[in-house]
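Presented sequentially are two complexes of subunit A, the first with subunit B as partner and the second with subunit C.
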Partner chain A sequence: MAAGRAARTRLNGLFAVYKPPGVASIRVRDTLETLLLKELNSLEQPTVPQQVRFLPTTVEGNAGKELTLTVTQLPVLAAHPLVKGPEFTHLKIGAGHRLDTKSSGVFVLGVGHGNKLLTDMYNAHLTRVCSGTEPVWGLLCVTPILTRNQGQAYTVRGLFGKATDDFSDTGRLIEKTTFDHITGDKLERILAVIQGTNHKALLMYSNIDLKTQEAYELAVEGLIRPMEKTPPLITAIRCLQFAPPEFQLEIQCVHETQQYLRKIVHEIGLELKSTAVCTQVRRIRDGFFTLDNALPRTHWNLQNIRNSIKDSKIKVKVGLQRSLSHQARSGKRHTDMDQVAESELHSTEGTSASDLTQNEITTC
Partner chain B sequence: MLFGFFPGAPKFGHGPFKSQASRDLAGLERGCRKALASAVMAAARLSRGFAKVAKTRSSREVKEAEDSAPVFQYVGERSKRKDRVFVWGFCHAGALGIPSFVKPDASWKKRRRIQPTPYRLDTAEKISSAACGYGFTLISSKTTDITKVWGMGLNKDSQLGFQRSRKDQTKGYEYVLEPSPIPLPLDTPQETRILQVSCGRAHSLILTDKEGVFSMGNNSYGQCGRKVTEGEIYSESHLIHRLQKFKGRVAQIVCGQDHSLFRTERGEVYSCGWGADGQTGLGHYNITSVPTKLGGDIAGVNIVHVATYGDSCLAVSDEGDLFGWGNSEYLQLASITETTQVNVPRHLPFKIGKIKDAACGGTGNAVVNEEGNVFVWGYGILGKGPNLMETATPEMIPPTLFGLSDFSPDTRVSRICCGLSQFAALNNRGELFMWGKNIRGSLGIGRMEDQYFPWRVTIPGEVVDVACGVDHMVTLVKSFI
Partner chain C sequence: MAFWARQISIWCSSVKTSNVANSIQRLRKTHRTWMQLDELSVLSLLCTDNRFLQRGLKTYRPVSLGSRLQSTNSSNGQIVSSESNLLSPVNHYQQQAEVIPSSDTKTLYEVWEDTPPSSALEEISEEEAVQIVAEPPLPLGSFTLRDYVDRSETLSKLVLLGVDLSKVEKRPNAGQLLLRLDFEKDIRKRLLFLKDVGVEDNQLGPLLTQNPYILAVDMEALETRVAYLKSKKFGKEAVARMVSRAPFLLSFSVERLDNRLGFFQKELGLSVQKTRDLVVRLPRLLTGSLEPIKENWQVCQVELGFRRNEIQHIVSQIPKILTANKRKLTETFDYLHNVMGIPHHILTKFPQVFNSKLLRVKERHMFLTFLGRAQYDPAQPSYISLDKLVSMPDEVFCTEVAKASVKDFEKFLKTL
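Take a look at the complex of A and B:
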């Protein structure tokens, strides 16, 4: 009993699983809840408490049968697991950015107190980190760059030559077209235009007065990011593989839906004067969690989830504090105050690191 | 419409239409409607016998239907990319070449004062060179047809040649609203090709490959390269002057506000026109009416590019050195001299690498070095935010503003162009970035405010060339596919 309760109270935080395609994300969340509950309930020792009862019994006494009280130890039936039911019937598991049924990939969930962190992550905006390799055409492929940009990153596979009603290869066929005129550099040109127009939209939606020196500096650093509700915006897009009719893109975006990404594939096909459908949408990164952190189906058990929560705890804390300080900076910026000096920014980062050690002690 | 439709319906005879006709019509209509209704019901009864209930198709049937679907071809395997021209800016003078902006041809269209975003200009031929002057535009094609140059916009000084008016054959048009051919007095009109056009405030220059340079328009300061005639009337003039007295072939022509510069293949620079700011670079401040070679620091130097648009000039040598002369009131040449007019070309010893391209605006200058970085100096909106309004030494604009990012690390600026108070930069991916004062929508960004740092202009194509004017712009674009 104690072991289960202890495990339950310690189960707080964020973790990521790999959602397989073909199953709804709500069902994944329910499956995880059921699995965790089953394991937590199995940690219970099935001992039934005993009670001391004085039961009336007949005893052969001096004048025939007499009624006396005998001490017996009986199990408390009210506390029997078959009567009471399992100890845990409900776990608070919340889902982060959902994935639709046909797509797969990193799916972040929060358990217990971690649900509060989910809202923070939803509003989180991370600063940028660079690394990269050059794309190569033909049969060679490029590993996707997992730059820590804002939002989510997807790998999207497409197929030229077909157009369907729901932009995926399982939809009703609308039209078939030729695609032999499509080359790698034409695709690259279209992707550059998409990235350029989305970059412009990012600046437009960021609600900053473009006539200020601040706006110039933020545009240079690339830190202009939309803080409020915006339509889906693509922050970066590039081609990883191109082997006609198939191609694979890496898309980094904010406020998006998977159907929007399928529509982008369809529109790329139209821009190239052909047609395209999307065969696979796979999220490779959601905020701090990447494919390496996502648990596959065989690892969906209590021990693995607990390890995953522990591993990501520090990352999540540091990242959220940094983004919240960035948001505070932007909040000040929007009220037309002077820019936060570089020293101030470094000082907030310093406090978050020291706060971290204290909080680690309290929560663990 | 109902009559003659159903074989049983009563037909309208040839009898006279009288007052009874209306009653007849109504009766006929009612009768026809009944006939129509009964016919529809009969058809439904018939079709119910033939129609089958739709079944869910098996995946094999779906696959077979998909395989047998027709394949559409929108573009051939070896299709060529199309060349297009996009214009934007101030419309009233007709400089954009779209007549419906000034004289709407449909009742729902309204007169447009400004075109704030790129608008496609339909041209008969592929345009290879374009130039924007002060209220007018010239576009030219490398064709061997007789019509090689078209002009539109202001023609009060015959900067577009003589455009005969259709209403009165003796007069010419003062404003040309659509691209109209300019009649050039060529010796061999079916062999000569036009290489480049250039426009100044009220004059224009046309460079051919075999027949020298043609100049037309205002000549009050000798900018057309011919002797100044007192009291000459420039409007409705047929005079187009040919300049051939250069040592070597002319490779590039540029027009300043009221002066002209010619660069020959040998690397020499000639100039004529107004010189009060020293922009002719000939050592004096008078006007010059005959193209004269420049000396100073560029004597003996192989110049590969000259640039001017206002009253100051820049020249780039083959080794990447920069030379400047002309107006320096806005700190364009303040790094080497305190005087505000420099009438002899002087070397500008900036340590910014080898210069590949240079452009002069009205008050600011910009250069691009070998690595593709843009440097600006001068006065006005220079492109580094509202805080940098004047500087005498070049300041670099961060390359991230021109599309450099983690995903595209080899993006470089390849060309720079200046209008009077705007800057345009082209990067190697064919993207156009504009910044500066947004005079009557000349930046093409869709807004009317000034732009203090480079802003991408979305054009449906890869930009190949750009020509900036005072309040309008022309770009030559290749389509994506």
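Take a look at the complex of A and C:
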């Protein structure tokens, strides 16, 4: 009886699953909840508590038949599982950044207390970026845009030559064009333009003055990003494959939706004086969770989810601490510039020292 | 008896009718099934032994609802009816209480003078002391059967039989029905009847969980329906199978069953033997509505483009197609026919593909295309039959059909 309850109380944290295409993310969340509830209920052993009762019976006494009370132990049927129902009927599972029905990829979910971490992750404004190594101290040549462990990253497949009303290949066809004139370097040029404009917007929304020491520190750490709600911003975009009419892009972005990415593909087609539709949008990373951490559908059970939560616990904690310390710093930034500058120096020294030790550990 | 009067008076004073009425109104909004105790079931629950009743109710008038209340004295009938007036917002079965003639009013006052309210310090004999039942009073109304199961013989026996009361109480009026029934009189006969029909012991519990209303059906009606099925030349095992797999079957009248069987014979154009096999295989067809079945039939003919004999073959192999979701059926067929390129006659040979989930078919097909092994034409080499594609579990599929490891399959799943 205790096994199920113990498992339930220990089931807290964040984990990632791989959402298959064609399924709504709410369905995925509900399926996981049902699976976990079924397993938790099966762990419980049905034991019915006994109750001591005094029942009147006839007993052959001194003067013929007598009424006495006999002691018996009877099960309390009100606590029988067939009367009570299953022990667990509800689990608090929250979904992180959602994916729409047609797209697939890493989908972060929180269980129990992990839901609080979900809100923290959202507030930390992590972007969804490709899997990468931890930032190496002193690597100044790395541009501030490639913010590691931040944001979301997608691989987007597109097809030249068609235009549809919802920018994907299952929509109603509007236009067909030729695409023979498109070459790889033309595509690269367009992507560079997109990246440049988005970079400018990113700096504008981040509200930092590039000429300050603080901005330099942030850039080195890779933490330049907008801390409030903004329109979708692409922090990096590059072409992985180009085989006309098909092409594949990798996009790292902040605050986006999958439909926005499809629109980007459509606009790339327009810029190249042709048309394009998006055939696949697949998220390969969401914050700290990458494809390796995501559980495929065959692995959706209690044991695997528990292991996944355990593995990601440390990463999530450290990452959130770093991001939220940056947020605290940026909060101070808006109060008084002079006071802020001094305190910034102290705080950055403190954090940079801790970062140094951390990175030393990772590199060693 | 004095102790009995004390019991009832304590219990009635704790009943506040206004509270009960208010709580009923509040609870009506919460859409849960509300069960109320009527007078008789209260008494039957409180007293599990005939002897008590006979002793305790010697002075009370018979109320003719029950099996156990056999007492004879008529003068205190008024007391019973006054208590039942207190319970009136709660009580639905008043019409069966006997009408008390006005000549009894005089005797009533006499009786009330004769038995003054008893004090707690009164001396009682040993036997009476032993008979005092000191359990807390039963709630007059409740959402769950948990409150009544320990004190009710009927409910305890049902639980020991395997009936899931937590599910039964969610059905409309089922909880109320079970409270009203008596095991010895009503339920035992029907259980024995079901056993005669051939339902196994371990299946009686689930059957009653799904259809508790069968306990309220007349015995003659049940017998006629089983006789009708036997007259249509369903064997004994077939009838047993049908009854256990479609719990609502015996709640349907003979005309409805006849109508359904006639529909399957005419619309689907199946022979008598085939209809029988179909119905035995999926007895749910007889208990569900006919509209979705007609629609699915039209879908198969018009949208999917199967010929009549093909549909008959598919339906006899996989009867579930008739009750499947229309949209999912068309989506699966669309993927199988247009994307995978499988013609109609092969789909007719392997109708189990319509039974499986579309996502599964998609993933496996894409894996095979990726490996270059997606060959569904029997004439070509390295042909993969559709049942192997769909019916096998993942490990067997990966090792035998796709000739790859399960890990590769999972890695591939993550690239979709």
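Criterion: the second predicted complex is superposed on the first by the 287 of 364 C-alpha atoms of A that agree within 3 Å, B and C clash if a C-alpha of one lies under 4 Å from a C-alpha of the other, contacts with A are read in each partner's own complex, and residues count from 1 in each chain.
Quick note on the criterion: a residue touches a chain if its C-beta (ideal position, glycine included) is under 8 Å from a C-beta of that chain, and two chains touch if they have at least 3 such contacts.
What you are looking at is a predicted structure, and each value in this text was computed from that prediction instead of being measured.
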Which superposed partner A:Lys92 touches (first subunit B, second subunit C, both, neither): neither
Superposition-derived comparison: subunit B or subunit C, residues of subunit A touched: B
Which superposed partner A:Lys116 touches (first subunit B, second subunit C, both, neither): neither
Contacts of A:Gly22 with subunit B and subunit C, given as first, second, both or neither: second
Overlap of subunit C and subunit B interfaces on subunit A (superposed complexes): none
Subunit C contact footprint on subunit A (complex, rising order): 18, 20-23, 56, 66-69, 76-78, 80, 82-86, 104, 282, 291, 294, 296-299
In the complex with subunit B, residue positions of subunit A that touch it: 128, 130-132, 145, 147, 161, 173, 175-178, 180-181, 186, 189-190, 192-193, 195-197, 199-200, 210-213, 215-217, 219-222, 236-238, 271-274
Residue numbers on subunit C that touch subunit A, as the complex places them: 49, 126-127, 130-131, 144-147, 149-150, 155-156, 159, 162-167, 358-359, 362-363, 394, 406, 409-410, 413-416
Touching residues on subunit B, where the partner in the complex is subunit A: 65-66, 69-79, 384-387, 398, 400-401, 403, 405-409, 429-431, 449-453, 455-456, 458, 462, 480-481
